[in-house]
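Following this line, the structures themselves.
Same chain, two partners: subunit A is paired with subunit B first, then with subunit C.
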Partner chain A sequence: MDTSTIRSIKELPPEENMLPGTAACAGCGGLLTLRYCLKALGDKIVIVNAAGCFTLLTIYPFSPFRNSWLYTAMACAPAGAQGVRDALDILIKKGKLDPEENLKVVVLSGDGSAYDMALSSTSGAIYRNLDFYYICYDNEAYGNTGFQHSGASPFGSRTGTTPPGKEVPVGSQLQKKNLFDIWNSHKPPYIATVSPAYPVDLMNKFKKAEQFKGPKLFISHIPCPPGWGFDPSRSVRLAKLSVETGLWPLKESVHGEVEHTYVPKKFKPVEEYLKEQERFSHLFKPVRQEDALKSIQEMVDEYWKKHELLP
Partner chain B sequence: MGKEMLTGNSAAAWGVRLAEVDYIPAYPITPQTEIIETIAKWISDGSMDASFVTMDSEHSMITAAGAASATGARTFTTTSSQGLLYGFEMIYTVAGWRVPLVMVNVSRGLSSPITLGPDHNDILAVRDSGFLQIHCETCQEVLDSVLMAYRLAEDERVLLPVMVNMDGFYLSFTREAVEIPDVEKVRSFLPEYRPEHAFFKAARPMAQGVAVLGGDYYSYFKYQMHLASQNALEIYKEVCDDFERIFGRKYEVIDEYMMEDAEYILVMTNSFSTLGKAAVKRAREDGVKAGLLRPRFLRPFPESEIKNALKGKKAVAVIDQNISVGKGGIIYSEMAGCLYNEIDRPLLLSFIGGLGGKNISQKEFEFIFEKMISASDTGIVEPPSLLYTESELEGITKLKEIAGKE
Partner chain C sequence: MLRLRFHGRGGQGAKVASRVLGTAAFLDGYNAQDFPLYGAERRGAPITAFTRISRDDIMERGLVSDPDIVIVMDETLLSDPQAMPLSGLKKGGIVFVNTPLSPLETKEEYGIEDHVITLDITKVSLDMIGKSVLSSLAAGVASRIAGIGEEALKGALEKELSGIISDRDLLGKNTEAALYCYNTLVPVQVKTAETIREKENVITLPFETARVSSPAINATGNTPLRRTGNWRVFRPVWNYDICTRCMTCVSRCPEGCIRLNEDGYPYADYDNCKGCLVCAEECPVKAITKVREIHSRSEEGDQ
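And now, the complex of A and B:
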């Protein structure tokens, strides 16, 4: 792949490396992200997958992919990537495998795996400077088990295990973990946040990442119609709103240096994003939870203030 | 290369070196650590051409090992006790990948209470996973079993991972004279791994470990594993014949000691069966027709060999170095299951001993033979007993007194 920058959606490669007809929900933002990622990565890859919604993309004897696939478990896809990468390297070194047969190794996991259960194996893989790509599709909960709270669930959200009630009207009382910063503290060569509503930004980040040997990490904020509670047709709009409200900053880190790749000219109020989703509806009715709404907005403002990017 | 004094751990490391393994992901745990340190040293000084990586946990280690094996590299890993349990989830997963990984487990009792001494609750906890299990009595057997394990695992009629088990401390740190085979001879026994089956490469995309929907597919795959595991016994016999031809040492799926005319049989596994063999010899001197049967394989379970060996015997005492809490000895249950449909079956007695490395004394063996003889005289089999001597209890009581506990 050449490393020149793509400027418009028309310049995205037309080849599809993931074919339609999967078990994912209609409007799944993660599937859209994956489709773009695979355009960027090509088909000479092996995806090492952790338990999650996307485990059900390959169901025996069918696969929607042109590439190879290894399902590991929820806690250890990065360790699986280590085994595959090391084996390919040593087989090529010993002349047992034609270098033409080499593959890029790609971890694919949800946020539950990435933020919680696989944090240790991910830390290990980054620490060992494993040459791999890691794609986390972040729907902010354990999706495949029916949307329970994960370390990525935002403050104020309803999940199966943080139901708003009389004692806890706000739903989740915890703040989303900052996975980008956790990863960045390991100083890998490349980390990016992406969004399926910004495919050009996504594609260029993959192109840029390609020049680095070592861990190349991507978190995509992805709308999940059944979990978030919205009509599948509004998926891309919601992905866009999470960026336009400043909730999901699009940025990258090269050897620890963070830069934002897109800053909205004018930030929309977070309420515009929140009110579209069932999982935040308790913040608006039967009574407006003014404090909670205010603190969500403040959290976003603080982030951009800290980075001196608030207009 | 001749004989050298090797610990069980270094014998395992020699097996790995001679098998010309490509890849070793590792994580330390007593009493296994010497294996990975030995291999790390060889790789560092250039005497072994392999890639070694220390992982963040056994869960990750077993995943990486299985994944490398699925990519076509000859792979080794090793653990013990809590480490094996920490990787338990991936033991099942890797077996389901049908990859020829060889793993050494150095048995150690499980927490809690935490201990370093050996027993077999660790390895037996994973017995239903699909890994084949070879249990070793001597350091030589450890080395030889690692080589045979690769032959077996890589055979296209098997394609299942193998665990080679040895007792912590009693074997891991005991030096014995071990014949280190010549590398050229090893090559003729165990050729370079050239996977013909599922593995990853660009020209042939492949999905491994995929989801199935519904019990039909799931049963199909599990049954395939079961059949492959059963195949392994026959194929192991071929492997043993080749091994004997090349190296002159003979192994079988069960080890029989003074069994021919024996009437009272001890069933034991691993290094404590050496104690059992000594006890058999002494019992013979006292005129008791004693013998010992040691299953080398616990998975697959060598049912027909065991049935044959025990035909016409008067009584069999199974000494379990494990305890299935709330049930009793695990191998006793396996033996009972194996013999149940035999019309002419011996009486089966159950003893639990050697937990956490507790010694089994000559007196206790005598007690076991007495129980077997009286059971066969009266036809009455007493309930399972835990071997624990008067003086051991006194020792504990004294310690409690010193610590100020009643």
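And now, the complex of A and C:
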């Protein structure tokens, strides 16, 4: 077990466990996150993938992975993972599989699945202390089917099903669910939020998680060029901005104890992040929706105040 | 009846193009149908859309498997086995290709026997709109070839685009670019025979049991064969005089397609670089520039 930490991108493992040529959109922040995750996890894994953008990475007869992959319905990837884990355990116990050949079981899902449809099956898996990794790439909507509103869509965003209009100019009126806290209330051994703009932080979190048996859960906030409406080249920049504005706190929880792994020295105003995206453009034109902008900033400030980390 | 098929890549606007054409035809007094075909598509994947135009009632439904006119919005689709834009094209049919090549060069390059019309609408779009979104331009091209009137096209652009584009300025630029394409093309007579070419075989798939129809992939890491480099509009080009070999671009590439040469300098595998340009944006010393991709002329560079 190697839990040594790395300090710079030069120390990222050079091996690529996911190859190019996938159907993901150019500049997909989720793909970048997954590339790093697979560097950390290695190739002796099996991915159990809930329906979403990333089930399209593997389309017959092609697979970008160096490892095995299984496709499940949106609601049940953690249940699928339980089946795979049990099968591996039984085969090893019966001597039909060399323990050397054991695989890590990894669930991969979008936010629609993680925050909404699969929440109960995930809760069940954490409750049963299933030994698995869970990676949620959170593009804040049901990306694959047209960017509809999900439990992860933030207040004020335009989605396929929350178009800003005369009646509701702000777009989505709901607040993003706090999946980290929902998971944390189950007290699993390890939970982390990560970002594709902070690969060193991401990598070290996976290394740390390795020492725990049981559920190891990761949520990555990921920029989605077509859904969020920005030029693909700005993908990493936007991921960085979501962290630097304080909107996406980088943190981890070990057996329920939360610690922030990165606190910006000076928080950028959330507007800097919002104004770069088409899905928030209605907050700025034709008229500035001051109340909405203010309440988004306040929400961020309150979070950091609560954690006594606001400078 | 005229049957058209649009072939584009997700995000280019094939669906909207077919819709604008359908509405234009309708405004010009025809009956019309338009609809897209989505599979498991993402931005960049091959997309097909269809339009039927007729003076009579249109009783036909379903995909257009024997088009009179094919609009190819991305020329790399011509050699894509997933797309096969020319399949089923009727004898005497018309093929429009978005390419900087001349019709004759295009015929030779891709071995096309039919009437070929070309225009570099990507360039028109970059020059006139500022980005490569081709829906209105392809609709302009298709309207001209299908013989739809200019006023009807204008009306259709206003009607269909105002629902998608809130920025009036951008809408104006789209209309201008569409009309530019419309007026650049010389009107043609579409006279197709009712037959499709011999050897064109339409494949019907039998119903298969789950074990057969959802097979396992027993290979790993074979997606590089899909050559998603065809999705590019711009390519990143490295300047080793400035590059400090800091590895930022290598790390930030979402595709993981930047490698290092013997001297430790990065280069992209152009077969699979999608041209997102995250690398160029993230390079701390701006050693990467963005260069317009012209696929048909850059095969050497693609290797």
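Note that in this section the second predicted complex is superposed on the first by the 310 of 311 C-alpha atoms of A that agree within 3 Å, B and C clash if a C-alpha of one lies under 4 Å from a C-alpha of the other, contacts with A are read in each partner's own complex, and residues count from 1 in each chain.
Here is the rule we use: a contact is a pair of C-beta atoms (placed from the backbone, for glycine too) under 8 Å apart; a residue touches a chain by one contact, two chains touch by 3 or more.
Quick caveat, the model's predicted, so the values are computed rather than measured.
Visitor: What is the contact status of A:Ala73 with respect to subunit B (first) and subunit C (second): first, second, both, or neither?
Guide: first
Visitor: First (subunit B), second (subunit C), both or neither: which does A:Gln82 touch?
Guide: In the superposition, A:Gln82 contacts subunit B only.
Visitor: I'd like to know which partner A:Asn178 touches here: subunit B for first, subunit C for second, both or neither.
Guide: neither
Visitor: In the superposed arrangement, does A:Ile90 touch subunit B (first), subunit C (second), both or neither?
Guide: A:Ile90 sits against subunit B, while subunit C stays out of touch.
Visitor: Does the superposition put A:Thr5 against subunit B (first), subunit C (second), both, or neither?
Guide: Neither partner.
Visitor: After superposition on the shared chain, which partner residues are touched by A:Ser63: those of subunit B (first), subunit C (second), both, or neither?
Guide: After superposing on A, A:Ser63 lies in contact with both subunit B and subunit C.
Visitor: Applying the touch criterion given at the start, work out whether A:Leu19 contacts subunit B, subunit C, both or neither, answering first, second, both or neither.
Guide: A:Leu19 sits against subunit C, while subunit B stays out of touch.
Visitor: Output the subunit A positions appearing in both contact lists, the one against subunit B and the one against subunit C.
Guide: 55-56, 58-60, 63, 65-67, 69
Visitor: Across the complex, what residues on subunit A touch subunit B?
Guide: My answer: residues 43-44, 46, 48, 55-56, 58-60, 63, 65-73, 75-76, 78-84, 86-91, 94, 96-97, 100-103, 120-121, 123-124, 127-128.
Visitor: Quick one: which bits of subunit C touch subunit A in the complex? Just the residue numbers, please.
Guide: 10-11, 40-45, 215, 217, 219-228, 231, 247-248, 251-257, 269, 272-278, 280-282
Visitor: Note which residues of subunit A are touching subunit C in the complex, please.
Guide: Within the complex, subunit A contacts subunit C at residues 9-10, 12, 16, 18-29, 31-32, 35, 53, 55-67, 69, 144, 196, 199, 225-226, 232-237.
Visitor: So in the complex, the part of subunit B that touches subunit A is made up of which residues?
Guide: 22-23, 25, 49-51, 53, 55-57, 59-61, 63-73, 75, 89-90, 93, 192, 200-203, 205-213, 217
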